[in-house]
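Order of writing sets the labels: A, B, C and D. Residues in every chain begin at 1.
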Amino acid sequence: MQLGLVGLGKMGFNMRERLRAGGHEVIGFDPRPEVSDVPSLAALAEALPAPRMVWVMVPSGEVTRQTIAELAGVLESGDLVIDGGNSRYTEDGRHAELLGEKGISFIDAGVSGGIWGLTEGYGLMVGGSDEDIARAMPIFDTLRPAGDPADGFVHAGPVGAGHFTKMVHNGVEYALMTAYAEGYEMLAAEDLVRDPQAVYQAWTNGTVVRSWLQQLLAKALKEDPDLANITGYTDDSGEGRWTVEEAIRLRVPVPGIAASLFARFLSRQDDSPTMKAVAALRNQFGGHAVQRISESG
Amino acid sequence: MQLGLVGLGKMGFNMRERLRAGGHEVIGFDPRPEVSDVPSLAALAEALPAPRMVWVMVPSGEVTRQTIAELAGVLESGDLVIDGGNSRYTEDGRHAELLGEKGISFIDAGVSGGIWGLTEGYGLMVGGSDEDIARAMPIFDTLRPAGDPADGFVHAGPVGAGHFTKMVHNGVEYALMTAYAEGYEMLAAEDLVRDPQAVYQAWTNGTVVRSWLQQLLAKALKEDPDLANITGYTDDSGEGRWTVEEAIRLRVPVPGIAASLFARFLSRQDDSPTMKAVAALRNQFGGHAVQRISESG
Amino acid sequence: MQLGLVGLGKMGFNMRERLRAGGHEVIGFDPRPEVSDVPSLAALAEALPAPRMVWVMVPSGEVTRQTIAELAGVLESGDLVIDGGNSRYTEDGRHAELLGEKGISFIDAGVSGGIWGLTEGYGLMVGGSDEDIARAMPIFDTLRPAGDPADGFVHAGPVGAGHFTKMVHNGVEYALMTAYAEGYEMLAAEDLVRDPQAVYQAWTNGTVVRSWLQQLLAKALKEDPDLANITGYTDDSGEGRWTVEEAIRLRVPVPGIAASLFARFLSRQDDSPTMKAVAALRNQFGGHAVQRISESG
Amino acid sequence: MQLGLVGLGKMGFNMRERLRAGGHEVIGFDPRPEVSDVPSLAALAEALPAPRMVWVMVPSGEVTRQTIAELAGVLESGDLVIDGGNSRYTEDGRHAELLGEKGISFIDAGVSGGIWGLTEGYGLMVGGSDEDIARAMPIFDTLRPAGDPADGFVHAGPVGAGHFTKMVHNGVEYALMTAYAEGYEMLAAEDLVRDPQAVYQAWTNGTVVRSWLQQLLAKALKEDPDLANITGYTDDSGEGRWTVEEAIRLRVPVPGIAASLFARFLSRQDDSPTMKAVAALRNQFGGHAVQRISESG
């Protein structure tokens, strides 16, 4: 079928490839002319036959909000917009309403798989009405991995459910990464263990902990066995923060996910103000030696 | 080759099956006559041609210690004992020494895979000398999963390294389980999400979080979608506790693994003394309402 | 000086007492006629000479919002409203704006001390303009504890700073309570320790951990040595949740405060869905015994 | 009464002062001749009338073990040794046994108060027999703070109970320090708050969070408002590690104390191997930008 695709970055570019390989006619728009098929969102709307379907794959937050507002201006009643970016699910209601005023339908789609999705397919978690989901199903069927449709695709619920589910997916992902990373640090710290990389390689088959992330860590350690070429500085994309915030709203205790999030915050601090305060306090009552700035490397 | 196998419980029984299917001649001993091939450890030693190889697959701690002490009595110089149970790695040195005094070699082997190992193979992490490992390799090759030997098997280091690596494996496993479980609780708490099971099913393919444990949780939720037939009471086998203890020794921060361990402790308390103290304290300074025993269900 | 006081609950009632004892003329309003000095907010406004000062001490959220909206209707330009409740600091800007449109000033005041404030004084953290704070200072001076004004009172910053500071105060309080409670549980769990209450009593003097909360726990344990008459069920007033949310916004890692918050959530669950999922998962791969509903309690 | 005091470091030196001021005759021994009253342990034993009482105040571990072994050689049946250092309580049984073989009694004493104990008195938690405790009571009465004996002193139980209680005290102390430090970091991170020091000063009176540690942090912030002259590098004395280890043995969940301990470990790492692994992993699946060593400051 025909699809407009807004945003041809790391994810959108690959998705266009996969969709075209699956027999769909994709018209992509991106502000960078060298990758864009049309010069503007208006041109995109013109190039698509009504009723149109447009997939938005741009950074979450302001850029997504602007894109959807602009689409509300160039699309028509009966069209369908899918937000496949990492929007916070709390934005979905507003977007559905804004578009709904023009008679335009809305689906929120969480997309997992990163750069590997092009070849392996993308895990999809979508929210919207049964009717809208059915209409977009040919697109979802091409994007999702081969195999049983129930594996790799879920219609999670009404508008918002797709992004909520994707947010939880990323929260879980944070905690999984921390779990493997803590294991790595322990193996690397113990002299008995000759080669943590070999252990991570061995864990890829037959063990209880085997997983795709586990394989990736084995691969990363093969490329850089002591992780000598990388710092621990780690950004977060927002979904980890939102997961903990939503957990608080829902009164769900998430010590594992929260620990992972805080570890990322900490990784970006030169020196922890919390620990400076602990050191200062310790010095007050115990006369414990503290490391003065001048002494530290 | 020929192998003595001591302990024919859930794990040992299946391993005997897999080894026999792989062409080895296995003589199993277990105190339960209905599954045992010989009536005693002495009979086991007699039935095996020297130099013997005996795999011990019994509960860690006292039972393993006794078994190895008895084997030291019935085996001879040149024989080899492999402890495949979940012994704490700190026991391995003593066992190696005890057996070494008789000229008997020792390998510690961490075995992962649970009840699925029979058909899929067991992930193996072993510690010992190159010579001893080479000698037992035909056994390891049958037990490990099919595929590249580096996937599913690792000679982690000298005696102790196998069990240390398996201990870390289990610590990581604790944190992975908690990560998936926290995600489940969030999905179950949010009304937008129609069916957490369908989400877990969809995550099995194409997503970043896909894993063997993730598939198992999808399966568990299929069998009991609301987990209505199970309580949260969760034992621990010892390896989670040891992992945190060793992390402390190594000065490795493991907030994720520790959170998982503490959650298990908490799951076994009728009411948390810590939270009773918090409630009592809160009552003291704020006149906050507390739940008296008589009011609580 | 003359002050209107809206809300004569646990806190407001005592504050009226303390202010009157300090020589101020306080006119209190409360919907319960038996404690109220005037029948309505309008009557309160009439009874006070302009420019008026009105302290709001009602539950945070909807009740505070309504009260301030009504005050905006009955007060006049030049009057001053102080919100002394536990409002989230993010509300303060809106309240200041709403009142500001009528020329009414606004101060946000965090008040600590609970039921003990009547006799010992209240710790005060206020936000607003220098001018407004100066004007209300006689009231603050009576409410705060005796002693150096810098101990027990702080003008933390512009509007919002008072409630932000009080929110952090309560977040810290959560973590302090958890710290003492964890210590109690350990002492109670160890057979060597004859009487945890005696330990907590002894800690009240000379130790590094002595504090007001520590004294209160000693007192609570004296009244109920085994905490036999209390359950661990513990509510939260909102400020713990807000503290973690604001920490996330500020990218400040707060593992201690978050652990305390999550423990409260957990204390209110009959059975943890997270741990049910862990138990279910464990059962899948290991054939571990799980506690079926029928077996438990 | 007469007392031998072994170890005249930061703690022992002050304790000798306080005991002498209290009318006791103290003979101190220290390897540093400039502070020692006698040249050797043997000389100390000779200088004291039988039955002797000797207080050991030396670093825990090897030094304490050696000192007690030497005392077993120079003391006689009927004498009494008190270990007032920060020994792990698991050592106490062995020391009691070693000394008991010679008829020498043993008390373990946890001593809190740091450098302030000289003037304010030391919080004492002791373990031993009723008879031995009664015999040493004049010493305890001088060391403890003035006031009710039940505040500042506890006979916690048999040998071992004193050090166990002190260990828990220090574990609680870790978590308290983290609580205050997290609060400081939040106040320092929020622009609305003009001066975190002023807030910590104000919290010293009337608030729920007031405590001795809280006062010390206010003092530390007064001396160095931005903690500009201190790094977050923070050692640990052992008792925090032991507390978490014992909590694991007792199956007591201690998320607050453990978080504090792990934060100290982390403060001593140049770059976290865990976070390097997370960053490496993230790079694998997402093509996320990671900070290469060459880019980082």
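Rule of thumb we're sticking to: contacts are C-beta pairs under 8 Å (C-beta built on N, C-alpha and C of every residue); 3 or more make two chains touch, one makes a residue touch a chain.
The structure presented is a predicted model; accordingly, all values stated were derived computationally and were not measured.
Asks: Going by the contact rule set out at the top, which chains touch both subunit B and subunit D?
Replies: Touching subunit B as well as subunit D, we find A, C.
Asks: Taking each chain's centre as the mean of its Cα atoms, which chain lies farthest from subunit B?
Replies: Chain centre farthest from subunit B's centre: C.
Asks: Which whole number of Å gives the spacing of the CA centres of subunit B and subunit C?
Replies: Computed value for the inter-centroid distance: 46 Å.
Asks: Nearest whole angstrom, what separates the Cα centre of subunit C from the Cα centre of subunit D?
Replies: The mean C-alpha positions of subunit C and subunit D differ by 32 Å.
Asks: Centre to centre, by mean C-alpha position, how many angstrom separate subunit A and subunit C?
Replies: Inter-chain centre distance comes to 37 Å.
Asks: At which residue positions does subunit A touch at least two other chains?
Replies: Each of 114, 178, 180, 182, 185, 189, 208, 212-213, 251-255, 259, 262-263, 266, 272-274, 285 in subunit A touches at least two other chains.
Asks: Please name which positions on subunit B make contact with subunit A in the complex.
Replies: Where subunit B meets subunit A, its residues are 89, 112-114, 117, 120-125, 127, 144-145, 147-148, 150-158, 160-161, 164-165, 168-173, 175-176, 178-180, 182-183, 185-187, 189-190, 192-195, 198-199, 201-214, 243, 246-247, 250-257, 259-260, 262-263.
Asks: Along subunit D, where are the residues that touch subunit A in the complex?
Replies: 10, 114-116, 177-178, 180-182, 184-185, 188-189, 212-213, 216-217, 219-221, 224, 227-235, 255, 263-264, 266-267, 270-293, 296-297
Asks: Any idea which subunit B residues touch subunit D in the complex?
Replies: Where subunit B meets subunit D, its residues are 208, 241, 244-245, 248, 251-255, 258-259, 261-263, 265-266, 268, 272-274, 285.
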